[in-house]
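First chain A sits with chain B, and in the next complex the same chain sits with chain C.
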Partner chain A sequence: MSHFEPWTRERAAAIIAEFAGTKGATMPILHEIQHAFGFVPEAAIPMIADALNLSRAEVYGTVTFYHEFRHELPGRHVVRLCRAEACQSMGGDALAERAEKRLGIKLGETTPDRRVTLEPIYCLGLCATAPSAQVDDRMVGRLTESKLDAILTEAQS
Partner chain B sequence: MSLVHEIDYGTKKSKSEKMVTLTIDGSEITVPEGTSIMRAAMEMGTTIPKLCATDMLESFGSCRLCLVEIEGRAGTPASCTTPVAPGIVVHTQSDRLHTIRKGVMELYISDHPLDCLTCSANGDCELQDMAGAVGLREVRYGMDNLSHFDKASDLFLPKDESNPYFTYDPAKCIVCNRCVRACEEVQGTFALTIEGRGFGSRVSPGMFEPFLESECVSCGACVQACPTATLQEKSVIEIGTPEHSVVTTCAYCGVGCSFKAEMSGDKLVRMVPYKDGKANEGHSCVKGRFAYGYATHKDRKLKPMIRAKITDPWQEVTWEEAINHAASEFKRIQAQYGRDAVGGITSSRCTNEETYLVQKLIRAAFGTNNVDTCARVCHSPTGYGLSVTLGTSAGTQTFASVSESDVILVIGANPTDAHPVFGSRMKARIREGAKLIVADPRSIDLVKSPHVLADYHLQLKPGANVAFINAMAHVVVTEGLVNEQYVRERCDLAEFESWARFIAEERNSPEASESITGIPAQKLRAAARLYATGGNAAIYYGLGVTEHSQGSTMVMGMANLAMATGNIGREGVGINPLRGQNNVQGSCDMGSFPHELPGYRHVSDDATREMFESMWGRPLSSEPGLRIPNMLDEALAKRFMGIYIQGEDIVQSDPDAQHVAAGLEAMECVVIQDIFINETAKYAHVFLPGTSFLEKDGTFTNAERRINRVRKVMAPLPGYADWEVTIMLAKALGYEMNYAHPGEIMDEVARLTPTFAGVSYDLLDKVGSVQWPCNEAAPLGTPLMHVDRFVRGKGRFMMTEFVPTDERTTAKFPLVLTTGRILAHYNVGAQTRRTDNTAWHPEDILEIHPFDAENRGLRDGDLVAIQSRVGEVSLRAKISERMQPGVVYTTFHHPVTGANVITTEFSDWATNCPEYKVTAVQVRKTNGPSYWQEKFMEEDISLTRILDAAE
Partner chain C sequence: MTIRIYVPIDVAALAVGADEVVSAIQTEALKRGLPVEIVRNGSRGMLWLEPLVEVETPKGRVAFGPVEDTDVPTLFDAGFHEGKGGHKLHIGLTDEHPYLKKQQRLTFARCGITDPRSLEAYKALGGYKGLEKAISIGSEATVEEVFASGLRGRGGAGFPTGIKWRTVAAAKADQKYIVINADEGDSGTFSDRMIMEGDPFVLIEGMTIAGIGVGATYGYVYTRSEYPHAIKAMNDAIAIARKAGLLGKGVAGSKYDFDMEVRMGAGAYVCGEETSLLESLEGKRGLVRAKPPLPALVGAFGKPTVINNVMSMASVPIILSEGGKYYADFGMGRSRGTMPVQLAGNLKYGGLVEIAFGCTLGSLVYDFGGGTLSGRPERAVQVGGPLGAYVPVHQWDTLFDYEAFTAIGAGVGHGGIVLFDDTVNLLKMARFAMEFCAVESCGKCTPCRIGSTRGKETFDKIAAGINVEKNLAIIEDLCQTMRLGSLCALGGMTPFPVESAIKHFPEDFGRKPTLQAAE
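Coming up: the complex of A and B.
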């Protein structure tokens, strides 16, 4: 049911090979891996290290530094609510609480049916349209209660 | 005595020659441009508080404790990352700085357990020192919130005690990054990282693995860098902090690292690498840093023992009885079989002074030149090959020279395992951009590991070295890459011309030798061009060069290549043997070879001999004596019947072990001086307990010709140091040697040997170490050789015709076995096997390529029999892509493996150095130990029994 691909070493190797020749390849590879599999599987770390001639410690350090990179498979859809200062000042707190209540989970959790993962994010760079959110790859600005409800309904379907 | 205190300047020394004057706290100081303000302050004696800075590492600027004020500049810059500038006025203390520092410390301490009194770093903790230095008196933030040390906290992690030598206690960590940076910058392994970010950050080995399972090589750099008890030696946790220390030299490999032996009374608490040690500059490896436990292992035999037959149990006797028994046996044998029926072997593990005495005893007291040493089986071709081409039997550079190299050519050496501290230097240079060519049958770590990638891996076939080096030289000569001016000025032209004609012949081309070397011709050509044109090109090589039937030829071939391209005589170039044993260079220098007196002077040279005769008071033989293999052959012919072996285990280390054992069994008196009942002692009649490097004074000479002091830190456990025992034996033989201290022995060496003329313990104590030649012309030694001219005058090109070894693969023995070492163990393993280093390498294994494994139906971990023309042993197989098809590999660290049961008697044509690196073998699946191994296990008991005093 997930739109993410199932983990295979072959697919990971292909992604790594695509970027391995470029400078500073770690980040593009990690993004692409997460895009394909929904998270950065632990098994990918030694593969990236080997391809880029890094230690697995270094790649692990990079992966864990960024909250962006997930360590587990998320739900089918990922809803991220901006929790940074600008969005908070525009009512973000209440929206976050509303989302938690509607989905019956806390920020950072996935619904038991594995349809939706709700994540906090600290600034999407959309302060001008605060409060903001991200639904999978789509950005949403000027969030209201009804807009949020619509997003969640869509994600749950 | 007290602890040897080393100043931590906080940041590295600047290499700039331009000087800058500034004012710090009202005093003017002048320092090289590029120096940090922190270091400049320390140089005038002012310590700026710091936590994340240490002078082994690049500055980092994270702890925010070292802030200073600079007049006219805004803010409070970090003194570790701010370089000095002309005329600036710096204040290291002010009310503002005091407040900031106290605030920073308060935050650090708010997440640190206040258990200083029971902490293992108590008294040796920089966090503790800094809390004191900034005047921290209270922590206002409360300690019972989320923390890393409260067991109830989500962030708490238990101690990682997986490494046998040190613990990792995350509760004490201040995340200063020093360990992570030490692992990267000093060791070059990159095994550590910081996991997470912000308050959740913590040190993680590998992917948050236990240390032992991570990429960590246990070099100890992180432990040394840690300012708290987070990374702490288990020995300190157990014993407590040391109270005095002595600077001495590691007794493992030929790098010769300086260490502070930190003591509590006569108990060794820990070995800490010494920053002023010029070979290692504060770095260490798992062996020198941690694997010293063998010195006090229960297997140490501390009482002299004798027995009539090797099948008898040993009987413990007094020193007097043992010495007198040995002396009377040697006298009897000489009376019965002739003067030359006895001899001895000096030890590359012992000091220069001890080696000198053993060869003196043999030459003067025995009256024969039957003395040899283990260099016979490792670098004898180096001595010969370099001396005929360049004029000296040693490497040309200092270790530090590698930091000036642009192209590094590694041939038959595995520095990251066998010479790890030098390997780290080399890796640091490679990270700076030096090009790397690796010529090795195996994919060693230098071929590919984090931040290291060889530009060319020339995966040659074992036994093809000379064909390979000739092809390299062919490219240089035929493509017009010869440094003609250099050759014209410095080398013998006639020899060069005939060599160039020879090397230019088509049969030496990469294309023609491709089928022999297995190296694609285009790849070899590209590598040769890089070596010849890439700037400073340095050759580093190991036993993969020397331990072949053409070992000496290969050494000459490398010298030819280096001379032809002008790569000898300045920083960053040269030919550098990575010598194996701690004092193998020294044992050769001290006259351990049957044809050479100390200083490599031939025994047939009348003037030299006369000088020694007058000093030693005995006539000396002008005939070269027997080499080790000849001694064994002569024993089987009943012409060589007694031997004195100091600190060497020839049964395990020499080729064709069954032949060695048979030779020893044929002798009537075998005297072994060793710290353990080693394999050779199974065939001995007299056992003289030896002493470790911790129990004596002396010197070791490392692979860069550096003479380092060895200093006694504890009394000799058996009562006498090895040099004293040799003196007693000489006396019992009727030859007096009068030395009160090893320093007097060195004085005698200096008087007799021109290259050592300036060496004395006084000088060594004053300057730390010197590299020979050290004499009137070079009173502080010679770091770099052959600078303006070669030692022999004109550099001499030698003909290097490739002659394949007689050891060929056949249908019956289709694979080539090559042997080597692993990081955790040292040579025959007598020491490291008696330490916790076995955690990394409990047994020798056979590495085999997947293709060869599949052909034989082998799976990873299978027990396999490996059989050569001379013997068979069983060991476990590991399927490995590091091998090339047709080549298998094992180590020889464990006696039961019996790797040398398989190796053959073939050897270097010039020096008899055994051909360990090439043995034709067959490998098949088996289900038990070989016949030899069963016999070994039986004899391990039957030939080592000691008579119980009660019996």
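Coming up: the complex of A and C.
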């Protein structure tokens, strides 16, 4: 079960058309594509290139430059743990290790049952209530072992 | 009489349960038959107290915090809705709190007080007076007012904003742009996020003033994707301002046109570098551009562009409404005005402290921050994010000032201070600085791309005890090459955390500790 739409050219074309006339439309289009499909399917790249009068290489270059753009569907839930300095000062390293151990995967990986993707993130701007995490669209501050365990249990169920 | 209760909508409050507190208050008030109006304000910046709930009383707003949803029934029992002080979470009058009273809030004057989506509240507290002034005095005088304020770029580089504006104003072009760098990627910083979420109109007003000053008619706020709440708040405020005639054709009934939009980054730290940001805005890989040409002359889409940090631009409205001199009267030396300092990490009282330049680093860490949250001895602060130096305790008498920090081999950066206790391993942090640079390097220049990768590998050898002195010499060499040979601050400033860690904390690198007197 995915809360994303299945890929169709028609839907992608409609998204691209929304940005006709927008200056520097590549990034806004890629964000919308990913928002709809959960990742940026390769088939979208030549469509974007055609619409914006760019080469495929240019669009591919943009997609691959940014950490945020995905090349495949993420797990059903995405858990991101902040790994930046402020969170490290509050024990973020140990929490990341704990999450890896519990899920049996490394940061950047998805569980084999495709339920949880675990990712590092570098700063959510919640540095005074560190350590922080993001669970799908929800931000979590003052993360503790027990809060983390509850998040992972919920995400895995 | 309706009881007015404030619960912040700032994501720092949401992340610790503000929405749950709101539901609990609504449920409890309904149960007790009390008429309650809940206002979702920005954050006051006392983040250790979030969610900070305030109740309006004839004497002023009374604060309670940090409130959890389970505290709400007992708060009502104790009469918190009448401002009574019996509950253990009672703090007192918010405005009398020493953390706020000791600050000089110019840029953050409204943040946390008002509903960020209320244009009326913004205007009631002096909002749009700066724009009015700019319209009445005209373009040239507007730029000169900013010049007179002595405002320097709050993003980290500290370049005088007035000079930047003058350059763009003097450029001839059919189109000019105002671009806001809201790609606040430094760990330990959140002031841009807070102002966008808590007082978005101040940024819109500042940009509009800038547009009038330099002759730009369109603006972009390039915001990192990690800030969805800020993006939403800005988009809402832009729509409200546009509807009120404060954006669009003939802004506020004047002869000037100005409109704007928000653009979202995609998780690349290097896009906080202004030329990389411009590339990204144009839809390309965020590769750093060589300068010259300056963005002021060839910027967004090849046109003359003012690129300012959120904090710089959010300081513009008060500079216009109160005058450049008023702003310049705060601060010291060549650091004029106030700096929104962000206290973060292992601190008891983390939060936003806007204060005139010139206080000591130690006063920020101790008097405001209250030392470590863990209760262990303080060991170092990193000032200015991943490219900022680690400053040891014996240097905390340094004044918070651009030049004073440069003199000790550090930088003020974007004003983020992250405190570490004595469990920190500076070898690990130095390695992290190299690793972060390697991950985030745009790849255009070799010193940054390769230097950081080799740096990380070399630190792994040092950590394993292999040829420590020889490898530290290699690190020193790499740092010099990166500092002198990199195209932008990412490679150029990664040596700051690395070299400061080695210099001040040699014992973490297998060397003998230096005596402090030798400094």
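In the analysis below, the second predicted complex is superposed on the first by the 157 of 157 C-alpha atoms of A that agree within 3 Å, B and C clash if a C-alpha of one lies under 4 Å from a C-alpha of the other, contacts with A are read in each partner's own complex, and residues count from 1 in each chain.
Methods note: contacts are C-beta pairs under 8 Å (C-beta built on N, C-alpha and C of every residue); 3 or more make two chains touch, one makes a residue touch a chain.
Worth saying up front: this structure is predicted, and the values here are computed from it rather than measured.
Contact with chain C, but none with chain B, is seen for A:E85 once the two complexes are overlaid on the shared chain.
In the superposition on chain A, the chain among chain B and chain C reaching more residues of chain A is C. In the superposition on chain A, A:E58 makes contact with both chain B and chain C.
In the superposed model, A:A49 lies in contact with chain B only, and not with chain C. Of the two partner chains, chain C is the only one that A:C123 touches; chain B does not reach it. By the touch criterion stated above, A:E10 is placed in contact with neither chain B nor chain C. Common to the chain B-facing and chain C-facing surfaces of chain A are residues 54, 58, 61, 65.
On the chain A side of its complex with chain B, the touching residues are 42, 45-46, 49, 53-58, 60-61, 64-65. By the touch rule above, chain C contacts chain A in their complex via residues 11-12, 14-16, 47-48, 50, 184-190, 193, 225-229, 263-269, 280-286, 301, 342-347, 350-351, 373, 382, 385-386, 416, 418-421, 424, 429, 432, 436, 440, 442.
Of all residues in chain B, only 189-197, 204-208, 214-215, 448-453 touch chain A in the complex they form. Interface of chain A with chain C (complex): residues 23-28, 30-31, 52, 54, 58, 61-62, 65-69, 84-90, 121-130, 132, 134, 137, 139-142.
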